[in-house]
Amino acid sequence: MKKECVAMLLAGGQGSRLYVLTGDMAKPAVPFGGKFRIIDFPLSNCTNSGIDTVGVLTQYRPLELNSYIGNGQPWELDRMDGGVHILPPYQSATGATWFKGTANAIYQNIGFVDLYDPDYVAVLSGDHIYKMDYSDMLRRHKEAGAACTISVMEVPWSEASRFGIMNVDGEDNITEFAEKPKEPKSNLASMGIYIFTWQKLRQYLIEDEADPDSANDFGKNIIPKMLDAGERMVAYRFEGYWKDVGTLDSLWDANMDMLLPGSGLNLLDKSWPIYGRTPVCPPTFVGPKADVGNSAVAKGCTINGEVKNSVLSTETSVGKGAAVTYSVVMPGAVIEDGAQVSYAIIGEKCRIGRGAVVGGPPEAAADPEQWGITVLGPHTVVKPGEKVAPKTMLDKHHNEEVEA
Amino acid sequence: MKKECVAMLLAGGQGSRLYVLTGDMAKPAVPFGGKFRIIDFPLSNCTNSGIDTVGVLTQYRPLELNSYIGNGQPWELDRMDGGVHILPPYQSATGATWFKGTANAIYQNIGFVDLYDPDYVAVLSGDHIYKMDYSDMLRRHKEAGAACTISVMEVPWSEASRFGIMNVDGEDNITEFAEKPKEPKSNLASMGIYIFTWQKLRQYLIEDEADPDSANDFGKNIIPKMLDAGERMVAYRFEGYWKDVGTLDSLWDANMDMLLPGSGLNLLDKSWPIYGRTPVCPPTFVGPKADVGNSAVAKGCTINGEVKNSVLSTETSVGKGAAVTYSVVMPGAVIEDGAQVSYAIIGEKCRIGRGAVVGGPPEAAADPEQWGITVLGPHTVVKPGEKVAPKTMLDKHHNEEVEA
Amino acid sequence: MKGMHGIIFSYEKPTGLRELTDHRVHGSVPFAGDYRVVDFMLSNMVNAGVTDVGVIMHGKCQSMLDHLGTGKSWDLSRKNGGLTLLPAFAYAERRQSAGQFRGKMEALGCVKEYLEHIRQDHVVLADSDIVINIPLQDVLRDHLASGADLTAVCTAQLGDSADTYFKLDETGRIVDTVRDIHTPEGYRCLNIFILTKELLLRLVEDCMAHNQYSLRGGVLQRLGDQLHIHAWIWNGYAARIDTIQAYYERSMELLNPEIRGELFCPERPIFGKENDAPSSYVDPSGECVNTLMADGCDIQGAVKNSILFRGVQVEPGASVEGCILCKGTVVKKNAIVRNVITDKYVTIRENGTLMGHETYPLVIARGAEV
Amino acid sequence: MKGMHGIIFSYEKPTGLRELTDHRVHGSVPFAGDYRVVDFMLSNMVNAGVTDVGVIMHGKCQSMLDHLGTGKSWDLSRKNGGLTLLPAFAYAERRQSAGQFRGKMEALGCVKEYLEHIRQDHVVLADSDIVINIPLQDVLRDHLASGADLTAVCTAQLGDSADTYFKLDETGRIVDTVRDIHTPEGYRCLNIFILTKELLLRLVEDCMAHNQYSLRGGVLQRLGDQLHIHAWIWNGYAARIDTIQAYYERSMELLNPEIRGELFCPERPIFGKENDAPSSYVDPSGECVNTLMADGCDIQGAVKNSILFRGVQVEPGASVEGCILCKGTVVKKNAIVRNVITDKYVTIRENGTLMGHETYPLVIARGAEV
């Protein structure tokens, strides 16, 4: 039953900033890259890193996440001992308690972690796109004899003030943590990925919970407290692709990065496979008049029009004379004949009517400041010939405009 | 995706009346009959009745239940489409909502049921011991064209006033429902097992939820409202063993019934198997000096003493010269040499020290009114030579006495 | 009526599939970009509510075994029932036939104990090497309605003279079963049969007792008078994959949306083995038209009128036309490939040219580098 | 070091197990009340962290196939890796040996492609018919520490002259491998070997090239000088089940708590196939002593010094002593059974008497009614 390292995946947040796309769905269940969902990344990272016990902390509508993750089989996390477990909040004898902050979510599940009596716990975020070998980070943690290891990456100095910045000494020991510093002393940004020695973390979680003034958050409370207490905390430098896809723009960006050779996000790379649950559907058919370029296409699509610089998810279709450019099309969406979709995210099972125009390129915008990507929530229907301007968001239920 | 009938299993209640045994554990996870847990009965009934989609409604500590039910494989409920799903409460956009009553629990999961677009929904309780073919009840429901079918059984007239009583006409249409009537007009007691036509139930659930005065309970609100509205409601007569094991006494009774030929609860009956998840352990060893009689013994036990009229769960041991009579011993408990256990429920992983005496027979009680079974919570340690009187309850953590 | 049990026959037969059956039986030949042939019959059964399927294994079964795995992909990984592998000829003393598969009745005789434990009332027998999407529950319903002892699925689309043909009377009853006739006529047998478990057991015993190995000879012909054998006529798509020519034509037909729509109708999905390939990528310089393409492909060259299995790579400057490229095929830079079938993990070298003809496509064996 | 891969050999061999191997290979013989023999080696591997196991199937493999199922019981039901069935001799053209299993190296040669795809660095080879609970991770650790090419597990407990024996030098290196010696001496080979994947592939190729079929002859003896072959000595419980006498004695030994404690040590659990039997029931009139008893038994008569598998029924007045009763055996009223081994689903009739002797126990074949 004992495990060396257990992963706790913070999938809690309803994607408030992704709201138009997620509705009631938990953010990590949002489709990504044509075939995957965001949560496939951290789960696959766990599997590939040899971590076979994962707790997924959620409180918003676990149903979709539950049925997506199921018994964990796609990620080889259907284990007799360990495996993946969804951990919703529960009612204790003393009453209902929702997770307060990220640290509180782990605190409430100390019992789960203790079941496996791990030496270390990896705390991961459910909405990052990256491929990372946690076993390498764990080795760094063990070699340093650290209480906490934080994964960091170098960001351009000019952007450092937008991140949580770690100041380190010559051996990459963390000496200071500054949340969005005006004058950053380092360009090492925290990626929100932590490995803790469990007995240390356990103690800090209990202390933190007892502190009524704490927001019970890793970044705001636990990490600063550990630093103050002089715990050994080290930085683990990560090189490679990493992106927080917590906003619609960053979600679109990350999809586009996937198409960009050299972005570091190469899904065809077989050395670090990403696993996912895919629907049953036949291969994609690219029609005689189709014109596909620089695009990722999942199974079950029918393409008879133009698809350029775009990501088509499973079972989407693009009609004759239709054009999809610089867009992300989510599963089951239908782009009818002659429709034009550009710089847009089209939610699951949307229908874009014949000749409709959704979104538009920045070049064509009257006021470039007011330009942005267009987002349609799931099941949105755009009528034939209708125009949906750039930066518009259409809500899934009522097809009303929601200001971004 | 469409299913004819989906089962919703109300496993919500923390076993308050079983508290000493359950602690934080959901009641349906309490062991029963040596090898099973209570929830194995309704789940196996579903499987054997051809219902392959089951929602388990819980709000107290889903962790044990989650890890026990897992992917549903022991009950063949690990299906690509359907299967068993734990449904804890979730936080909606408008805030957290715990299940209020039994009807509210289903109301909150209308979305789950709608996923399968069923014609019928079976509403089951998680803490009944019985073997029942729901497909037979469903046939009755369909033939009668009912909105609701309630499973009933004849109880002795003298006890009828302790039950919810259904008054029926000559064709077993329910004409009236009386909760614990002083002067019962019938001896047909509701077993708390319902089949509803889903579209009807759905409508009543929504109406009931809108009623601020409702307790959102099936027995108190939904059934009376449907009767008042003149819906067609029929009784389904069940013959066979059925017991609500919501109290410690009834739990003990049901275990004893299992040992009683002719009680109707015959676990060796192969025509209606009960499935469960069992730990990995070798066969039981019955030692050269053991004396076992009228007892059920699960795998992994070592018996060197006397075991009479008792139920030994997996991996328990009974030492030399020890005697266990009229008792239920839960998994992993150890009865050391010379200890005497009678008329008791011994919780999981208890240790009864050498020569200790736990419980006693009613004959020996000074005041028979004050006699009762003795219950030890999980992990309780009784010191060598210690005596635990009849009707005592020892709490799991602190070994303090808790009055029944 | 307690449902239907499935039996699928997977065996080595005289093959016109050349290199494609070097390492496998007909049923595990890759087809339609993302499937093995056996997936179709397995899916038919699963879609008709069949929960228990026995697969009679014979010959080069490693590839079939690996493909079937635990049966999870077809929801047939069950505690009770589910997928059962039946190595009918594994017992040395039963190898009188020196490893040849002499007929279905002999094979069933070898697994008689399994048949006796079937939990369902009816059994559907089918070959593993037919590509079809057929509503087997309708066949069962009509079987029950007709009161027949045995129902055989057949088609009015004639095949070649080696096929089995039925002559029907006006009620749809099969009155004669013939084979090796010079000019095919009547209805062609599709080797899908429904009967009760009880009759199946009786027939197996009777055939064993009379040294009858084959279902056609031992049952359809020998007992055609005594049994009421009914025809169920299916005029939809049904492809038996037994020659390279048929394999190529039947594959290319799938580029026709109507045929594809029939074979992959949404109400009866075809379940293939799950995989972890990411989406396919088509490069800006890639040109990909009139092509069926599975996951994980990387298309940087030109592809036309082709079927690409999972993980195919077409490098820049390469040109692929009229080809079927199985899993992991790599077409290197500037190679030109026309009317070629590549088995798994074939590499076509840089600047290479491989030209088959529509009527005689080239087949490249698994793992070859040409 | 990327872990260890398991290969288990399950094959038909000349048998002293009489009726117990009528329908199965040695590895799937029921043992210890709730297991098949192969469960022990599978559990050893799983307990040592092995995630991928290939089982070489040969001969009467239906029972083994049914038992292994999806591998779920051993946590070997995986998308990648897990349990793989290897019907090494399924290819007709490889049946030069007419169905006989001539040696492990030949068998491995038939599945060379599988071996090439092994994901781990090391491979443990073992027979399916040995009952042992051995820490294979320790064997691997010592293999690495010794720098040996090949490590062979052996025991100082001598067996009979047909066994293979090693002669060791003072460093533990095996300097000679012998067989068919008149007086056994040295260390008896337990047929468990660890080596690198790379060396295994090399040895398989070398043996194929030199017409060597067996591991003993082709590797241990022929290459004993060139390879550093190291012994790992295990003096714990290890039972090979190859004769009825051994089967009976090794079973009865399990009534000894020490031996049972060694074989079923909690730190290395033995995984058997899960089942849905309820608890066993012992009637007030039943008397059950010194007996190992699985689930689902119904004991109404007297049982002494016996091993009862799942679902055994002993009716009132019956008396069972010194017996091994396999799954579903029914001993009817007033029957008397002594020193009898019943295979699955045997029925002993009312008032019947069956007496074997400790040194020659009676064996009743599966399903018999006596």
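In order of appearance the chains are A, B, C and D, and numbering begins at 1 in each one.
By our rule, contacts are C-beta pairs under 8 Å (C-beta built on N, C-alpha and C of every residue); 3 or more make two chains touch, one makes a residue touch a chain.
Computed from a predicted model, the values in this text were never measured in an experiment.
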{"item": "Which of B-C and B-D has more C-beta pairs touching across its chains", "value": "B-D"}
{"item": "Furthest chain, CA centroid comparison against subunit A", "value": "D"}
{"item": "Interchain centroid distance [CA atoms averaged], subunit B/subunit C, Å", "value": "48"}
{"item": "Distance from the mean Cα position of subunit D to that of subunit C, given in whole angstrom", "value": "37"}
{"item": "Whole-Å separation of chain centres (CA-atom averages), subunit B against subunit D", "value": "41"}
{"item": "Numbers and ranges of subunit C residues touching at least 2 other chains", "value": "72, 77, 79, 274, 276"}
{"item": "Sequence positions of subunit B contacting 2 or more other chains", "value": "73-74, 78, 275"}
{"item": "Complex contacts: residues of subunit C adjacent to subunit D", "value": "12, 57, 59-62, 65-66, 70-72, 77, 79, 82, 84-87, 90-92, 95, 99, 111, 114, 274, 276"}
{"item": "Residues of subunit A touching subunit C in the complex", "value": "33-36, 73-74, 259, 267-268, 273-276, 278, 280-299, 302, 307-308, 311-313"}
{"item": "Touch list for subunit C against partner subunit B, complex", "value": "75, 77-80"}
{"item": "For the subunit B and subunit A complex, residues of the former touching the latter", "value": "14, 24, 59-63, 66-67, 70-73, 78, 83, 85-93, 96, 98, 111-112"}
{"item": "Touching residues (chain side subunit A, partner subunit D) in the complex", "value": "73-74, 76, 78-81"}
